[in-house]
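Consider the two complexes below, in which chain A is the common component and chain B and chain C are the respective partners.
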Partner chain A sequence: MSGGMEAIDNMSSFKVVNHPVRRVDAIAKVTGRAKFTDDLTFDRMLYGRVLRAKYPHAKILELDTRKAEEAPGVVCVITYADVPGAQAIGPVRPDMPVFVSTKTMYLGDAVAMVVAETPEMAEQALDLIRVEYEELPAIYDVEEAASEGALELHEDYPRNIVNHYPLRKGNVEEGFKASDIILERTYTTQLIEHAYIEPEAAIAVPGVAGDIMTIYGSIQNPFTARRHVASVLGVSLNKVRVVQCTMGGSFGGKDDVVSAICARAAVAALKTGRPVKIVHTREESIIESYKRHPYVMKYKVGATRDGKIVAMEVYILADAGPYSSMTPFVTWRSVVQATGPYEIPNVKTDVYGIFTNNTYTGAMRGFGSPQIIFAQESLMDELAEGLGMDPLELRLLNGFRQGSVTASGQVLEGHTVSLEEVIRKATDAIGYSEKWKTYAKNRPAKGKVRGVGFATSYRGVSLGAEGVDAVATLLSVQPDGSVYLHSGLAENGQGLKTVFSQIAAEELGCKLEDIVFMDTDTSVIPDSGATVASRSTTMGGGSVRNAAKKVKEVLFEVASKLLNVSPDEIEAADGKMYVKDEPGRSVDFKDVAKAGYSEGKLMAALGWYHAPKVTWDEETGQGKAYFTYVYGCQAVEVEVDCDTGKVKVLKVAAAHDVGRAINPATLKGQIYGGVAMGMGYGLLEEVELQKGITKTRNFDEYIIATSMDVPEVIPIIVENPDSHGPYGAKAVAEPTCELLAPAIANAVYNACGKRIRDLPLDLERVLLGRSLRAARGKRGSEQS
Partner chain B sequence: MTLGFIRPKTVGELLEVLAEYKDGSKIVAGATDLLVQQRNSKQVEGKPLYLVDITGIPELAYINVESGVVRIGAATTHRDIARSTVIQDVAPFLADACLTVGSPQIRARGTIGGNIINASPAADSLPPLAALSAQVRLVSKRGSRDIAICDFFKGPYKTVIEPGELLQEVFFKVPKNPGNCSFLKIGRREAVAISRLSVAVLLDVDESGKITEAAIAPGSCLPMPARIVRAEETLTGKVPDEETVEAAANEVGEEMVRVSGVRWSTPYKKPVICALTRRAIWKALGVDVD
Partner chain C sequence: MKQVDRCKMKLISFTVNGTDVKVEISASDRLIDVLRDKLRLTGTKEGCGIGECGACTVIMNGVPVNSCLVPAFQAEGSVIETVEGLEQSGKLHPLQEAFVDHAAIQCGFCTPGMLMSALALLRENPHPTREEIARAISGNLCRCTGYHQIIEAIEDASMRMDPTE
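Coming up: the complex of A and B.
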């Protein structure tokens, strides 16, 4: 907290940004006036219900929909044969069919969709669809899938490799030779669900002006959805308009799966000429939607006696499920960050995405970082133990500092490398150092014992060398001085509308309440890529500021005539434009707008922000992966019940360098939420698949943390302004949920001396050291 | 399947409805379990099922003590039991157990009658009721009968109640030593958690510190509520020391394996139910362990 407060005091010149203003969309949400997708209805609207695969991997011998078509209220049954354009979609490779034709690849595959007058009628008719299957041999275990001679799930993908990223720096063999201590450890993480409160939903409305297909939906990335709907319909991009509705959460989850739903609704709308709505039940959502990748991670580390890390070798298999989806991007972030925020001269990393018949995996808050941070931060504590060192000392000894060189050979410059600052602030806040020593000395094997632990990370901001990184914002001042903001990035609940409005108000000098932020509409604003990678504030905020600067220039010209001074003598703030040296001489923002309008001035502008250049060599894994980085550390105190395996989280301190807090209140919200998600990842959550069959289908069995589980959280906002972001702002969304799981694992070790290398640390793992649940391609102990 | 919904205002009216629809009807008293089951059940064609809601009958929601007997109406909510000063005095572990049910919303809707009839092996109120040797009163148009709680169940989710019968109340004698009781529960999280394991302990201790009577009833480890007689006998007549308590607690684990067999969960459940019971016995004795 103190870090943030100091910085805020120093920056008292800010009028709107850096202040904890109320969310601009809060009132509509708490009063129930916000419109979610399912709140919308259209005249003559139909409802689609999907029939999914009966077996994760099976040939479809026959598909007979005739009886279902004759059922009461049924208008038609849609299958792959109705798709006019591309059969499959995908962000990197179009390999995920919107409707499967000849075989199923996982349990969530859509075989057919009943379109009926009511949801109930559609549901009833599902049972009347007859499908004859022939089960095929399947692969559920990622190591088996990646082994030599394994069954190939897709043609031309030997060993089921979706992608392979190597990274080579120095010479690890030499490094290990020069090491006094070498540790080899395997860590694994589980399949988890985003658990957004609103399941997927979309409505397609056909034939609006010029035969445009309009899509409304719970869509994280409207431009991605548009691209996929257009390709499935076989039409140009401008024949599809996507409008985002208020989102009930996303966390990276409403991307590919929602594109598929939008496409299904659009195919049905095209065929029937009527609007078609699809709303998933929770069970459908959990069965079909993609999840966070389970990883198997083999780490080998070598260090000198005095604690200097000399070499690290990393081998990772990421379970992609049957479709490539975001796997090539997710695993790329993993290869960049796999060895953590440490200076290591010799590194050899290989990250593989692997096809299986499990539920497919894709983007989820963290995006390839929570897994590797669990491994690397557990490993750091294990190494410290092996060296007889304090884990804090070991990290500070090897941690990045100004000018350090990363595993990919990037020199960390042009921003403040604040690793030590965040580590010290987070660990100090829970009294880590003394407690760690005390608890480590006193480890009874019975009863309830306490422990402390922490984890730290660096994280590349925005997309990096993943791809095109540019954002547009349209800012338009009305004749009465009110303002419309349209952005190419979307509000997914993260607070984007508020942060962008603050930036616009700060730069333009208008009042925050005079801005209306419009829902994202692909027909209004240029394609700005996806609202992902914690890039909105940096990238989108940059484009807002750019648009506001352009409009301000016009308004200052108008105001200069009204105030009889030159434009460069004018400043604007809080709804007024005034003479810099004589603040009493002012004119209202709205009067300037009125005058500008009557003079025929263009008081609107399209702002654009393009990310600085980044580089990557696919062969060696070397390059300037991201244009800037954020640093974070979370420290935790836990109580472990040695007799029951129950881990209670008592207190969490989370220190995150955000560059600049545009809104300290919503930023803390990000931290609280990220900590809660990280806690679920560490202790509770796992989607259980038994031979590809989803067992945990609703929140009675898929356990996420409740408000009774989440402990006191101390948010520590660290501000080291960055030259790339608006007002120095960087990012906060994802770093907050990538650290707590390893911090808890380290704290559990400190408490009771049990090192748990597999997530989650549920009751059974903590008590017995192994899971009794069925998951990760295995059947748990039910088999053994 | 079509669902009908009937909400009688009196017990008399209710019994008429039950007599008329018999097995075409199902009593609901909060429906916090039933609606979840209904959601997961496959829709089938057939005659409609009538849900008969008893939460609109004021004469079924009560907690009273008369002549040393506590009576709780079937439609009394977990919230009301947890908040009841009567229950907090005469059977605090029952109040504790009801307070661990679900969430505030579930406790405000879910009832003790529903918890009993649902007959889940993980039901939170059943271990204390078993330890209290509670009885249930069933009424129908033909009359009424009382059954001991442990005889009321035929297996998981199965009871001896017959079509046309209403569970009117659960009742038990005020224990001699209400202070010497405890309820402990392990769930995967702190709220909205189905019991992974639980145990209720009720003791009678004389002036010399000797345990004269013991009742131990675990949850989530047997198919239906039961007392663990061997564990109780281990304690009875003894001044408790660590060895005795440990031995009694271990009997609960042994009994679980005897009755339920070795299952996938046994490697976890066996040591933990022993540890939980050990703690619960000490807690009932007023000794704070862990």
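Coming up: the complex of A and C.
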């Protein structure tokens, strides 16, 4: 069934969805019984430890593993020469080696892996591997990498361009001519670590059920891991079975890097015939794992005197590091959304992914949106200042409404365009308008001053024209009325198991506690793509509902005989099936299941949900990029200490249109968590690289928000049900994380008149206007 | 299988969740290694190995400690409490109940350590303010929840544990 339009349900009738039910995995997690990857052991299990590059860019002249192989407890040392199939992996292009052979491209590259009886023995033998390097000239600056004549890191990629997305709408030259005011600004963002608290982990177990390699791991996307392991082993997909373990956070992060770890474990398991476990230390995790892209963003905007935006030109360089990874997809979302939720007749956008020798970058919560929203929402406040307008007024004047046309020429229809609603709700909640005027008038240069700011966005739901977008769910009712749910999308910690179980219980009419959601297993369920892009509730939820509908049809047929009515007179809820107009005439769900089983009925179904059609023209950047959108706004009040540069976030109001809140409690959890992560992006976090060498290697140096740092948060759930999602639900995970950094930057300006165009807004930038850290040299506006 | 010189091994005795245990340890073992690898109490998690994230928090002689920073030999004669000891005869501890009820859990990796820090706080201070709760768990990093529901849960648990005040 494709995701067509269907009637949106009446909210008042919901029994399970739209209620803050307990998480189905909560008990296992509060008792310590939930099994994360490192909690599993297997008979005769070995441990792998990886030797990483000494230099970010160097030729490997010689690699001698003999001494390490002779060390106590060492079973073997794995290198590229042991890889039976593909040497390299990657979601778009297979350009990231599982083990490097002739040269290193960044500090996290794996040169070899010791496999030993204990982790300590593996660790000790690492020192015995001798590698002779010849350092190569390297590029760490994205603008230098993208310049004419720059050293090419990969053959056939002139100017190190991974990919280029143009978008052309109208004529910007004409637009700027017609403008009364033109602003040109450069904004930059930093390298960000996902900082899931559980480091990466995987176990490969060979020879289960014949020659199948089974992988258990902390894996965000089991099907991607399977594809990569199969290609590295040189076997067909059905010879690799990936089972997701309870995952200690991911945020987009446990994809490519975990595929590489799974592949390494699998190669070692194949070679030794024994299970092999790899668990990263925090230091290894930060050094090897991909990050959120730093962007350099040059924006030019033209508007008329009365505030109408006429033209916007955007030029973006995204630092990809040395491998393509997700860069082509991440930057695609950027090109679609670069000019924000504003109707602008003339747009010219160019987004480039650029190879460097920095740590590679890929998917992270937001996926190409936090960067451009920082730029565009800072720019909106700067434009308002230039025009002498209230920033709120400027946004409402230019913001999307029902039927507006986006930069890619898409007419916003078929869903509620709620931009104005979320802006008003968030700004009202902190008393923005009045405070903004008061604070702007009163800017002492000393002591603590307050400011308010906000940022708003629209965001395409799911993958859009990025790729194949379909999801499967298997729902199976047992003879006693209990239910198994298997889905192709996976629990990452966000609450997917709970939300999917709620949708199944609502549709099927069984009790929520009678459902068991099984961890994702690639041998059970069809490839459903990845649990990414805030697509799970809409896409996966749609497939759950479709599976439940099919099974319900069978059960109603059975129940109709037990109740002596026709199937269309039956309804189901709360573990009972009953006659619509006579709820007292009912039969227990479990008795229907029992009867259905004895009649030989098939009480299981595979539900499938395929996204509606979307389009994209690669040459012009025009098309229907996503089938629906969500709208969000976060408003913030901050206190800036003019003497130290410290910014304290006092209060955040976060308004998000989610279509329908399937579980308001876990949804609030998404908002609180996204706000904390967004605050880290704005104020605290940066992976420091010095000439490609990772300096911030653990949580003593990479600072994420603690319980003492998080501000008061007012979550505002806006529900405009969407025809595409189950019960009208859309998405929330990523929008919550993409708005706070620019809102803070705008609030800091409101407080003290300092416009900071480079993230994070740390003490030095706020106090001195520039960073004292050597990391990545001077950035963006700091150069001028 | 571990190729460790047996004479460097040492036998230590301590109490875990009310049970007396004897474990053979080596000089390099940390308390977390003993709990996870030797006693298979895997509820205690390792997130950073340097005492920054708090995922490995257990209660040792009444005090919350990062078990990744405690050399195993220091556990000799001590009383250790881990997340596995919270549930009694199949009944969740009020803190666990409150975490479940307040959706104070997402990925769950920080949860065991968070619960142990909270338990130590509530024993010391049965009715903490939100500020005191936030301070007590400030050594426990959580990347998912933004902490609000955790703080609410601990506050609620304090009422459940001592409803008289």
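One rule holds for everything that comes next: the second predicted complex is superposed on the first by the 766 of 784 C-alpha atoms of A that agree within 3 Å, B and C clash if a C-alpha of one lies under 4 Å from a C-alpha of the other, contacts with A are read in each partner's own complex, and residues count from 1 in each chain.
In this text, a contact is a pair of C-beta atoms (placed from the backbone, for glycine too) under 8 Å apart; a residue touches a chain by one contact, two chains touch by 3 or more.
It should be emphasised that the depicted structure is a prediction, and the values quoted were computed from it without experimental measurement.
K.L.:
Tell me the contact category for A:331 with respect to chain B and chain C: first, second, both or neither.
P.N.:
neither
K.L.:
Could you tell me if A:231 is touching chain B, chain C, both of them or neither one (first, second, both, neither)?
P.N.:
neither
K.L.:
Once the structures are superposed on A, label A:708 by its partner contacts, choosing first (chain B), second (chain C), both or neither.
P.N.:
In the superposition, A:708 touches chain B and chain C alike.
K.L.:
Who contacts more of chain A, chain B or chain C?
P.N.:
The partner with more contacted residues on chain A is C.
K.L.:
Of the two partner chains, chain B (first) and chain C (second), which one does A:346 touch, if any: first, second, both, or neither?
P.N.:
Touch partners of A:346: none, neither chain B nor chain C.
K.L.:
Touch check for A:700: first (chain B), second (chain C), both, or neither?
P.N.:
A:700 sits against chain B and chain C alike.
K.L.:
Looking at A:196, would you say it contacts chain B, chain C, both, or neither? Reply first, second, both or neither.
P.N.:
So A:196 only meets chain C here.
K.L.:
Is A:246 touching the first partner chain B, the second partner chain C, both, or neither of them?
P.N.:
Second partner only.
K.L.:
On chain A, what residues does chain B touch that chain C touches as well?
P.N.:
On chain A, the overlap between the chain B and chain C contacts is residues 700, 705-708.
K.L.:
Under the stated contact criterion, what part of chain A meets chain B in this complex?
P.N.:
Against chain B, the touching part of chain A is residues 123-124, 447-448, 641, 643-646, 684, 700, 703, 705-709, 762-764, 767-768, 772, 780-782.
K.L.:
Write out the stretch or stretches of chain B touching chain A in their complex.
P.N.:
Where chain B meets chain A, its residues are 36, 43, 103, 186, 188-194, 196, 264-265, 267-268, 271-272, 275-276, 279, 289-290.
K.L.:
Can you tell me which positions in chain C touch chain A when the two form their complex?
P.N.:
Listed in rising order, the residues are 1-3, 28, 36, 41-50, 52-53, 55, 82-84, 86-87, 92, 96, 99-103, 105-112, 115, 133-135, 137-151.
K.L.:
If we count contacts the way the header does, which residues on chain A are in touch with chain C in the complex?
P.N.:
20, 22-23, 25-36, 38-39, 72-73, 117-118, 120-121, 194-199, 246-251, 281-282, 492-495, 665-666, 668-669, 671-677, 698-700, 704-708, 710, 713
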